[in-house]
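Got a structure here, written out as structure tokens. Questions coming.
In order of appearance the chains are A, B and C, and numbering begins at 1 in each one.
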Amino acid sequence: MFKAIVSAETLSSALDSVSVLVEECKIHLEEDGLRIRAVDPANVGMVDLSLEADAFESYEADGGLIGVDLSRLEDIAGMAESGQLVQLELDEETRKLHAQIEGLEYTLALIDPDSIRQEPDIPDLDLPARVVLEGKDVNRAVTAADMVSDHIALGVDEAEEYFYVDAEGDTDDVHLELTADELIDLEVGSAHSLFSLDYLKDMNKAIPRDAEVAADLGEEFPIKMYFGFAEGQGQVTYMLAPRIQSD
Amino acid sequence: MFKAIVSAETLSSALDSVSVLVEECKIHLEEDGLRIRAVDPANVGMVDLSLEADAFESYEADGGLIGVDLSRLEDIAGMAESGQLVQLELDEETRKLHAQIEGLEYTLALIDPDSIRQEPDIPDLDLPARVVLEGKDVNRAVTAADMVSDHIALGVDEAEEYFYVDAEGDTDDVHLELTADELIDLEVGSAHSLFSLDYLKDMNKAIPRDAEVAADLGEEFPIKMYFGFAEGQGQVTYMLAPRIQSD
Amino acid sequence: MFKAIVSAETLSSALDSVSVLVEECKIHLEEDGLRIRAVDPANVGMVDLSLEADAFESYEADGGLIGVDLSRLEDIAGMAESGQLVQLELDEETRKLHAQIEGLEYTLALIDPDSIRQEPDIPDLDLPARVVLEGKDVNRAVTAADMVSDHIALGVDEAEEYFYVDAEGDTDDVHLELTADELIDLEVGSAHSLFSLDYLKDMNKAIPRDAEVAADLGEEFPIKMYFGFAEGQGQVTYMLAPRIQSD
């Protein structure tokens, strides 16, 4: 059983966070909210999303699992005008999801969850450095790095106590330093890793400019990024594997 | 003789209503206003447009006929800024149309009307049902149907007294019901017909979101749609032939 | 030595004026400001730009010369948000230009000035007619002419005392007349020349709509256009060679 009413904006935010990595996903319809975990085909980027029942106007679920084509569900949410609500109801028998927006009913065929790539285990890593910054600074760093390179180094200078972004192109370089003063928070630790810019650009698309993003970093280790949406009742964790550093 | 001054907005609205179906058309320069009738190359969609002399700042004509390339005339109207007037004057001798916007003069070569597809007779049909709705609801129905299918069924439920839109795709369906309360007007009658979405999408482009659109429907019959523009001094009738229903 | 701070808007305006004609250019870092002169590969359009030291927040230079890829430098200026400042500093040893915007540092590899096309001598012509008009009227004339032709005639009617624009297409024509009343200023003289619209369209892109543009014209002679930017502390001169008139 699944029956819920949610603002189109909240639904879109949730789906967009996942669709930057995968086209289809499994959605766990837990009693206390939705949960999605997915990994991209290359096993490089992972997402773990939860949207609490409180983020919905009304929410009833008892632990089911559905498979969805994300772009179709995003199209449905996109049909709503600003402020409109989307009613969702699962038809267990036909395995279809009914979505209603002000009298308009969309019947979405679900995908067999077994045909969707297995959900990843997102490892519990002990990362020594933590940087907390605004979404717009993530965007700034990623956009600038993209002008010169296809990879990006993120790290923390322990002696000088700042977070840095480095992108080295064939001719030009980009460098950004943010001190504790310019960050929301900085926990200094040994951290320097190189990442594929393609993945960070995709993840950046889903990060609201005004979100508070926490990033955990280590020495040649994955980055983990956390941010909230829907007034904190939705949470996203991204994990991105590092590229091998070449000297 | 033809000499007229009209707001660029009114001229654009008139031309856009026709150009969604055809590239060239004949324009009848009647004493009491302009009249255009055209049918698309496949003989599926027809338009009948009239723009009364009162819709113009000034208007003089004595029954001539010209052939025009619609996109060129639309480009001319598009050069005007909001609120600017377009002066039109036919040079009978050279068969050119002079268009003037604030000192800028555009001389448009006309097309021999005989080289343009013959104007259709728009049949007088006795359609049993009438639905009157806002342009934005037409847009909503067409946009939603387009997400799942390339055709759309429109009909009236006589027992329950509502207008409905149905689009059935390979996997997903869209359904919209509008009761008399949600419509501007509903005259219940036996009506259910299937239409090509391509044509309805084109016609929808020309329908102002805030227009009052009257649609006459029957059982496997064409749809006729009527709406006004230029504060009611312009009228458009669209007729669209049904597709054969397959079961 | 070169070290300067300038608003991103002023820097962008300067670069855009040159990049409509060439991809790379030499920049003279004079004591009293920047100076750029360039000619397009076909030797048809030339630009002479100066940006006074007063247009900068701070400016120090001692007469150096650098070669730059304009699109890269434009990208850097484009990273700044409205109102932000760009700090520029030349590293003489590495021949790199450091650009900084709020903590973000971009290191731009310079181009050997000797590898860039030679700077043109912009001839001192004695042109008999001068037209002063708003940038938006330049835009209007160029946009309208572009609808019918790929060249444009500009001239002055000495008897009737007006400036005119003529574009003759295969079927349609565009004609614009601006009298002294409709211009900011008009110095009547013998003038009629034909120009390639491609070049004028490019130059038009860099002319602010609200700029006062002075154009000097002659009989089958080049046109020279002058306009200011950065509150008059930047000046651009464009010169465009005429096309041979065919009768």
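Observations, loosely collected:
Note that in this section contacts are C-beta pairs under 8 Å (C-beta built on N, C-alpha and C of every residue); 3 or more make two chains touch, one makes a residue touch a chain.
Labels paired with UniProt names: A, B, C = DNA polymerase sliding clamp.
Everything numeric here is computed off the predicted structure, so don't read it as measured data.
For the self-contact between subunit A (DNA polymerase sliding clamp) and subunit B (DNA polymerase sliding clamp), the two sides draw on mostly distinct residue numbers; the shared fraction is below half.
One rotation lays the C-alpha atoms of subunit A (DNA polymerase sliding clamp) on subunit C (DNA polymerase sliding clamp), and its angle is 120 degrees to the nearest 5.
With centres set at the average Cα position, the gap from subunit A (DNA polymerase sliding clamp) to subunit B (DNA polymerase sliding clamp) is 45 Å. Shared interface positions of subunit A (DNA polymerase sliding clamp), defined as residues touching 2 or more other chains, are absent. By the touch criterion given at the top, residues 72, 75-76, 79, 103-109 of subunit C (DNA polymerase sliding clamp) touch subunit A (DNA polymerase sliding clamp) in their complex.
The touching residues of subunit C (DNA polymerase sliding clamp), when paired with subunit B (DNA polymerase sliding clamp) in their complex, are 140-141, 143-144, 147-148, 171-178, 182.
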